[in-house]
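The structure that follows is given in the form of structure tokens.
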Amino acid sequence: MSIGKRQWAIAEGFLPDPGPHADDPELRSHETACILNANERDVVLVITVFFRDRDTAGPYRIQIPARRTLHLRFDQLIDPEPIPRNTDYACVIEADQPVVIQHTRLDARPGERALITTMAYAEEK
Amino acid sequence: MSIGKRQWAIAEGFLPDPGPHADDPELRSHETACILNANERDVVLVITVFFRDRDTAGPYRIQIPARRTLHLRFDQLIDPEPIPRNTDYACVIEADQPVVIQHTRLDARPGERALITTMAYAEEK
Amino acid sequence: MSIGKRQWAIAEGFLPDPGPHADDPELRSHETACILNANERDVVLVITVFFRDRDTAGPYRIQIPARRTLHLRFDQLIDPEPIPRNTDYACVIEADQPVVIQHTRLDARPGERALITTMAYAEEK
Amino acid sequence: MSIGKRQWAIAEGFLPDPGPHADDPELRSHETACILNANERDVVLVITVFFRDRDTAGPYRIQIPARRTLHLRFDQLIDPEPIPRNTDYACVIEADQPVVIQHTRLDARPGERALITTMAYAEEK
């Protein structure tokens, strides 16, 4: 089974302050790229991160096994560098096979607690 | 009237804890695939569920009458097996006629109450 | 200027209880199809509403002037019949010129207050 | 690297009252078009704003450097005129190179605090 595209973009990236549950990875503020690899083979992804006033970060390399999903947290990307909090960013994700990517953010700051999601923007390479 | 595609994917699947209204199906945490069958004939759908670290679940089979909509709750899928809570998943939905699918989650956990929605990712089979 | 498609679908329709601000049209629960008519001519739209266990409602007819937007509230559709609250529905919107449609719901019920939005599903007729 | 389209539309535009944090640009109500320019060259964008019962506003002109992202706030558009609050609007954004645009709103009004996002509607010019 194969579904998806090989090039994706998320234009609205922002890691808010962790909020009152900073020690709980599930409840502190975070942003996720939910990636579905429905293929019969492992997929390799390369992420490039764009900012407002500095050069890009990355490439970040991710591998997902065949017929698995990975809900990738941006606050756990550390190699080659972590993504700063409270900073506007965007990203392009390129895969060597078709995948489907959905973007989700939990904003746990008091007074703004919210959960958002949307399909990322897809394009055939 | 016919509108839609025959292959869809939702990459961001997650059934949170039921929350404080666990006995109320409307207000406890749940996730829904809202499916529109605008065709003049019944449609048959087959759902495959993907996880991070185990084999897929399914196939789940669903039928929707002609010119009807079904807001399918993932916490009511039980055959061949229920979908575990607090577990990242994704799904592919294949239909034998064009349908339109929108993904919605109500997260009723205290401190994170939220409602999210997005169109699922569509592809022609 | 022209942008959009002539056939759209919203699969996730649901008008919740009005909530504590029932007399305030802006703050009571409602659902909206935000429609952009960027064309140089008026556009005519026909809406068909689908349910889980009854025949369709409609057609509802709407006109939008040239180069205007209309944020159409589903709780203000009354001819040929109002859309019932607390009932799952979906809709197909057909236009005689290209339009862009985005779906938004304000859920003002206590314990579930939320605002959701997504682009509707578009298809060329 | 190049990804995106050159014509985009956001149908659901609405700048709510600023809310209780009117002096804090991050926490007062606002609406954003998050734009990714992954190209090797600067991009120029032209925004036209549509209303329910008056002529369009604009054109607003924006420039984004090569390989940068801009999270453009609609409450900071002032030339040729500011966008009024509490008024339904929509917009078309045209670019001279491919970009990706995601629409986000923070609604900070008491009793309706919410964060929404969706990919904008894309079309090749």
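Observations, loosely collected:
Which chain is which? They are A, B, C and D, in the order written, and residues in each are numbered from 1.
Keep in mind that, in the parts below, a contact is a pair of C-beta atoms (placed from the backbone, for glycine too) under 8 Å apart; a residue touches a chain by one contact, two chains touch by 3 or more.
Note that the coordinates shown come from a computational prediction; the quantities given were computed from them, not determined experimentally.
Comparing the contact residues of subunit C and subunit D by number shows a mostly separate set, under half of all numbers used being common to the two copies. For subunit A, the chain whose average C-alpha position is most distant is C.
Here the spacing of subunit B and subunit D, counted between their Cα centres, is 31 Å. Remark: subunit B and subunit C have CA centroids separated by 22 Å (rounded to whole angstrom). With touch defined as above, residues shared between interfaces to two or more other chains in subunit D number as follows: 113-119.
Interchain contacts close the chains into one ring where each touches exactly two others, per the touch definition above. For subunit A in complex with subunit D, the residues that touch the partner chain are 7, 9-14, 48, 50-53, 55-56, 88-90, 92, 103, 105, 107, 111-121, 123. Of all residues in subunit D, only 1, 3-4, 21, 27, 32, 34-38, 67-71, 100-102, 104, 106, 108, 113-119, 122 touch subunit A in the complex they form.
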